[in-house]
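After the structure tokens below, expect a handful of questions from me.
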Amino acid sequence: MTPTETAQVLVEALPYIRQFAGKSIVVKLGGAAIDRESDLALAQDVLLLRSVGVRCVLVHGGGPQVDTMLRRVGKEPEFRDGLRVTDEETLEIVRMVLVGKINRDLVATINSQAGAEPVAVGVSGEDAGLLTVTPADRALGFVGNVTGVRAELLHRLLDDGLTPVVSTIGANAEGQPYNVNADEAARAIAVAMQAEKIVYLTAVPGLLEDPKDENTLVHRLTSAELRDRIEHESVGKGMIPKLKACADAVDQGVGFAHIIDGRVHHSLLIELLTDHGVGTMVKREASW
Amino acid sequence: MTPTETAQVLVEALPYIRQFAGKSIVVKLGGAAIDRESDLALAQDVLLLRSVGVRCVLVHGGGPQVDTMLRRVGKEPEFRDGLRVTDEETLEIVRMVLVGKINRDLVATINSQAGAEPVAVGVSGEDAGLLTVTPADRALGFVGNVTGVRAELLHRLLDDGLTPVVSTIGANAEGQPYNVNADEAARAIAVAMQAEKIVYLTAVPGLLEDPKDENTLVHRLTSAELRDRIEHESVGKGMIPKLKACADAVDQGVGFAHIIDGRVHHSLLIELLTDHGVGTMVKREASW
Amino acid sequence: MTPTETAQVLVEALPYIRQFAGKSIVVKLGGAAIDRESDLALAQDVLLLRSVGVRCVLVHGGGPQVDTMLRRVGKEPEFRDGLRVTDEETLEIVRMVLVGKINRDLVATINSQAGAEPVAVGVSGEDAGLLTVTPADRALGFVGNVTGVRAELLHRLLDDGLTPVVSTIGANAEGQPYNVNADEAARAIAVAMQAEKIVYLTAVPGLLEDPKDENTLVHRLTSAELRDRIEHESVGKGMIPKLKACADAVDQGVGFAHIIDGRVHHSLLIELLTDHGVGTMVKREASW
Amino acid sequence: MTPTETAQVLVEALPYIRQFAGKSIVVKLGGAAIDRESDLALAQDVLLLRSVGVRCVLVHGGGPQVDTMLRRVGKEPEFRDGLRVTDEETLEIVRMVLVGKINRDLVATINSQAGAEPVAVGVSGEDAGLLTVTPADRALGFVGNVTGVRAELLHRLLDDGLTPVVSTIGANAEGQPYNVNADEAARAIAVAMQAEKIVYLTAVPGLLEDPKDENTLVHRLTSAELRDRIEHESVGKGMIPKLKACADAVDQGVGFAHIIDGRVHHSLLIELLTDHGVGTMVKREASW
Amino acid sequence: MTPTETAQVLVEALPYIRQFAGKSIVVKLGGAAIDRESDLALAQDVLLLRSVGVRCVLVHGGGPQVDTMLRRVGKEPEFRDGLRVTDEETLEIVRMVLVGKINRDLVATINSQAGAEPVAVGVSGEDAGLLTVTPADRALGFVGNVTGVRAELLHRLLDDGLTPVVSTIGANAEGQPYNVNADEAARAIAVAMQAEKIVYLTAVPGLLEDPKDENTLVHRLTSAELRDRIEHESVGKGMIPKLKACADAVDQGVGFAHIIDGRVHHSLLIELLTDHGVGTMVKREASW
Amino acid sequence: MTPTETAQVLVEALPYIRQFAGKSIVVKLGGAAIDRESDLALAQDVLLLRSVGVRCVLVHGGGPQVDTMLRRVGKEPEFRDGLRVTDEETLEIVRMVLVGKINRDLVATINSQAGAEPVAVGVSGEDAGLLTVTPADRALGFVGNVTGVRAELLHRLLDDGLTPVVSTIGANAEGQPYNVNADEAARAIAVAMQAEKIVYLTAVPGLLEDPKDENTLVHRLTSAELRDRIEHESVGKGMIPKLKACADAVDQGVGFAHIIDGRVHHSLLIELLTDHGVGTMVKREASW
């Protein structure tokens, strides 16, 4: 690259860095790991953004790994309308896998890149009442909907220079734990934190006009336009919960929601610090 | 009780409350749960002490529960000289059970007693470099000795009004997790925090002159006297690691080490806030 | 006492300690000393409460001692409707006795129990405009009604870790001193300080259904109920000013007013830190 | 006066005002009141100096008034080598007169000039351990020498914008009150406060070459020169304790000691804010 | 002077010093220097006032010096209705003379009197957007009217213990510099700073009943009375802009406006710190 | 550019941004303006760096413009050994041109790019004693060497979010102004500020092996190597003062000295935020 090209990237990025400094960004990762390289690049992105003052919170799911563990202890996963039926034994396994394995591995990956100052800390929604829930549906057992987020807990950790990694187990007022959908929990956290952005890392480039053609990426749309597409079923079915969460997030005060491709290394950095980004951006108003 | 008796307890307790306000106390719990009632009484004690300004940190082990889970996934626990041989698969199970189950259950129990303000937060030694370790012995696999404690992490949580519950998984400088002996980890944490006290909750009344006679409780002794007894093998063998940890703690700057009976409800409160206590107290100097 | 009984007192007291930490409590003592032992126990109570963060202010009267001194300098005390007629010479004696003797003795008693850190300081209502008054009744001479309390003066002393002992001499806007009724002054101070409690130490157990039978103690009543009793004269006549002050205090924002028996050692501690107390408690609303 | 003369006074005074702002000055008043007008002028001076940031502390004695009161209650004052023999009854009277009368009157006078913000507060050496003493001489009874001053107590009051007026009753470690010489107590307070100045208000113009000729005022001398004069008895005998206190004060770290004429209205202001002053100034070194 | 006379000046001045401590005062100097002695006396006054906490800002003009420099580079000054026609070349000269010469000389004079701690700093209205302007009249070229003052810039300098000397060049939103009338700029600054006073130093004693007779000084008048005189042309024509600025200043919130004689040494000090002052004082309301 | 290339620039730049955040950087500009475009790019760079927390101070010279103005007022510039002979009249012109013209133009250029928040402020070395000097050589007149820098003045402005632009006029202890060499003044300022970097913007690419061949740029060298080259005269003569200033700066504690090409737009940004830079970097030790 020529100095002029380099200068152009920097001149473009610095205002974004300034704009996001001190702002909170919630990044949701799927449980389905992509590859070790992508994970390391993401860990680097989070640490780089932190180093210039961006307050990143990671929220993770973990469906596939839970299934594996359930089967290992001889229990067949069971779903109803796409939602996991969660009896007491299942809940215990879910909690062990999310908090005791996936969260741990993410914390370890980030800290392995952080050199002398490991900054990642695991947090569960049960800790200090971070996620308060009510039961979603008796038939599903211990599956909960988020009714409260104690956002100051995350803000305090961020104020202390730490990077929280959140497992989406919540608890009701009596302290009974519940399993919570991670896309939804990430949205609730972003709204409660008055985050500038929520970013969903996925295994697709973003929202596609034609779900089968990766060249039909929609770069920007409003939440109203997004809801319209959801209603008219012009989006891939598997994407619907994530897309609804995006629309809800911006309508409830989050500045921007992004769906980006976790397979592209450093996609988080590019999406945040360049004019054009690499995925789909959702905003409330159309004043781009 | 008569008003005079009540007044006597209060007049005795208030100077202790004043003395411990703002001081840190590390409480080590065994993995072997005693009973639900004891757990609830302990949770209440921790919350009551917190309410008058005592900074409690809980550290837990979990041997028996790890054995159970290992067997459940078809793996026989293996020990060498009383220490668990920890291959990669075992480590993963240890981590899941300690961080994802025992820690979670303790957090939930405390928060269930905390009413509108749940304050317990789970922390693992891997979080933000809390416990740095080096390998203990190649033959044991991923078993580590604590070489560093980032005590300010716990102090920050306490400053924020939270009560940390610590799982004793550490990590080396490259982020590789290791299993750590919980009695030892508790001692290292107490020393690093410049704690006023370390309290080991056990299933015995304390140090006994005659390990078979619960009426032979030793109320007080110095670390030198304790080391003498350990050397002359006049103590129950199973108690030795805990007793050594007590002697080390006070010799390294912790004010007092206590071994008390976790089966007596509220034994923590009684030990701390009355003149006579209920267990064994170890101090460096004999100036009682 | 068994450990369980001891634990019970502590479990009961700690929430009160937490609740009162940082709160202000005004304690009114009569001029009629009970006995040296009671005074020492009271001094200890005040110091113990202070040590756990309760902000105690003592307010004292001194009628009998003033009479003694007046007679000593050859002047017969004179009263009209139970109120002292206070000419200039009487005022000078009142001031000398209250500020220069009773207040001094209380300060000395508390400091004698405070060991290396004497904390009691004498304050007169004249100091820095603490108590502003207007003349009560021309016929009484220099007797005043409190029209203003500079409560921040007491709060500043408390913030500095000191325990104020207040003599109830006030001054008008021109600096002329006036004698003030101590029960009334205590109420005005408690209201202005937004105190949690006002406690009147007396030589009776509290409000009695039958003033002649100490077993008929009324444990709790509302200010409305109390006013009703005053109106229907079902209370001992000598108690009326104190009872009115109690009703006024809670109706003007003080949380609770208490009348307790100063003869019972540590009655202040018991009243504040146990569920049942030892005297009569007055509250605005009946939601016990 | 012409504008030029006025300007001259201001140009001269402003650097002093700047220099003394934030500094502490201890002013000792005799018990022998001079006249009401002088008292009012002094009260104004103290308030004016306070308004520009000078931290004034007043210390008073009260011999003549004590004598009067003793006789009023039928007790003849008794002295040994010029020092009052102080039995328990005498001590009680001393305390009542100093704390309950003279201190009160000074506080009232200052507050009467302070308008909407009365700032004077009475303090006794017994309060919060302000003056710690040991017995001076068994034959004198309760007469003490100052061995400790808790200067931060006065600094805290000054920090709060208040003006302390100090009665010189001290207490030993057990809380027993003692009578203390006021000149000496003022010196001890000035030293402990690291005061810039100590000012003795007297009924003479200052130190005179010839005690009988007021025109022989010594304007400045060093503490060594002053000690020399004391030793050679070239000073009025009655002045010796005051002069020794001056020499001791500057040798122990007080910047300057002054003896000025309390009969000249506003002499305090003139001494502090003009180049030439009106009395005698004592300094450690001769570098005027 | 006698001590009594000296005391009188001090007793009179101290309340003013207290009143002005922490308050802001804007002093406007003409460009026409009077004499070196007056400048030095003014510098001393500003430093003395600063030393007792008065926050002085100096604002200067410079018409005559600009004319001299214009002629030196061969350009004849041109005026329309008394206002300077300012083309680009003129503007550059105005800026050089005001910022690069007059301001510099004032800064140097003050700092030469400030000893070890030079405190004067030059500021131009262009710096950090201090003075925002819009063009006054196309025919006049780069002459602007002040539309905004960033007063916190001056307050920050004053907070840092510095004394700002302001040149009255402003800039529009695009950064184009404009020449601004100094009397007007001083008023705008005083209003924006919520100054206690604005003082115009002139070469006359103040407002005169008869502009030809210096003995007809008007000591005090309200802004309404002043506007009335301006309207009825009973004032010297050359004084009108200054007088209007005085009336505007007090009507827009400045406490007092003063016109004083810069030729009288220390006139600033006398005007501020004595009851009678030396010039004309304008206030909004007539409640003197 | 591809996303990967963009990511690469960002991943490279972010650690630098973090490293320089909160650090001070002194940028020296020649008086010989290059072109309007370069100036605007520089202004943008300074504002972008400021926006991410870099504390930039600009220092400027102005030889050519001074010559022009001197000739305009009919005075021929005079030099001795390359240094300007500065009589009183010349000094006045130098001051007017530097402070009243060049500084002003730089401030205006930066503020024109700063939108709603103009942040540039002009400062002269005379302000508040920023640059203290002693005469350099009697024959040169008012030419001074910097003997003191009051760096906290610049730090205070930076703390307030402002960007200082410094003219290199100093003053001696009596307030007499002196002309100072700008390269030297920039070095003295950087040393006193404990700056991370000093950057000299020039009209050449940096230090060249062969001054006539721009392709022979020396990218890095130590101060010892640089001094060696200066001594052996293997550098362009005109560069010597700047090169000596670079060597002195790093030997006196500045982290790095840079000579970069002011003609390359955004060269400041590229030099600071990329691994390779565009000019010559001087460091004390060779541990690159």
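Note that the chains are named A, B, C, D, E and F in the order they appear, and that numbering of residues resets to 1 at the start of each chain.
One rule holds in what follows: a residue touches a chain if its C-beta (ideal position, glycine included) is under 8 Å from a C-beta of that chain, and two chains touch if they have at least 3 such contacts.
Here the structure is a predicted model, which is why all the values come from computation and not from measurement.
*Asks:* Could you run down the chains that neighbour subunit A and subunit C together?
*Replies:* B
*Asks:* Report which interface contains more C-beta contacts, comparing B-C against C-D.
*Replies:* Ranking B-C and C-D by C-beta contacts puts C-D first.
*Asks:* State, to the nearest whole Å, the distance from the C-alpha centre of subunit A to the C-alpha centre of subunit F.
*Replies:* Each chain reduced to its C-alpha mean, subunit A and subunit F end up 46 Å apart.
*Asks:* Which whole number of Å gives the spacing of the CA centres of subunit C and subunit F?
*Replies:* Subunit C and subunit F have C-alpha centres separated by 72 Å.
*Asks:* If you average the CA atoms of subunit D and of subunit F, how far apart do the two points sit, in angstrom?
*Replies:* Between these chains, centre-to-centre, one finds 61 Å.
*Asks:* Quick check: what residues of subunit C touch more than one other chain, meaning two or more?
*Replies:* Subunit C, residues with two or more chain partners: not present.
*Asks:* Name the graph shape formed by the protein chains and their touching pairs; answer line, ring, star, complete or other.
*Replies:* Here the contact pattern is a ring, one closed loop where every chain has two partners.
*Asks:* Provide the residue numbers of subunit B that touch subunit A in the complex, in ascending order.
*Replies:* Result: residues 72-73, 92, 95-101, 104, 107-109, 111-112, 117-124, 126-129, 153, 156, 160, 162, 169, 171, 174-177 of subunit B touch subunit A.
*Asks:* Can you list the residues on subunit E that touch subunit D in the complex?
*Replies:* So the residues of subunit E touching subunit D come out as 1, 3-7, 9-11, 13-15, 17-18, 21, 44, 48-49, 51-52, 264-267, 269-270, 273-274, 278.
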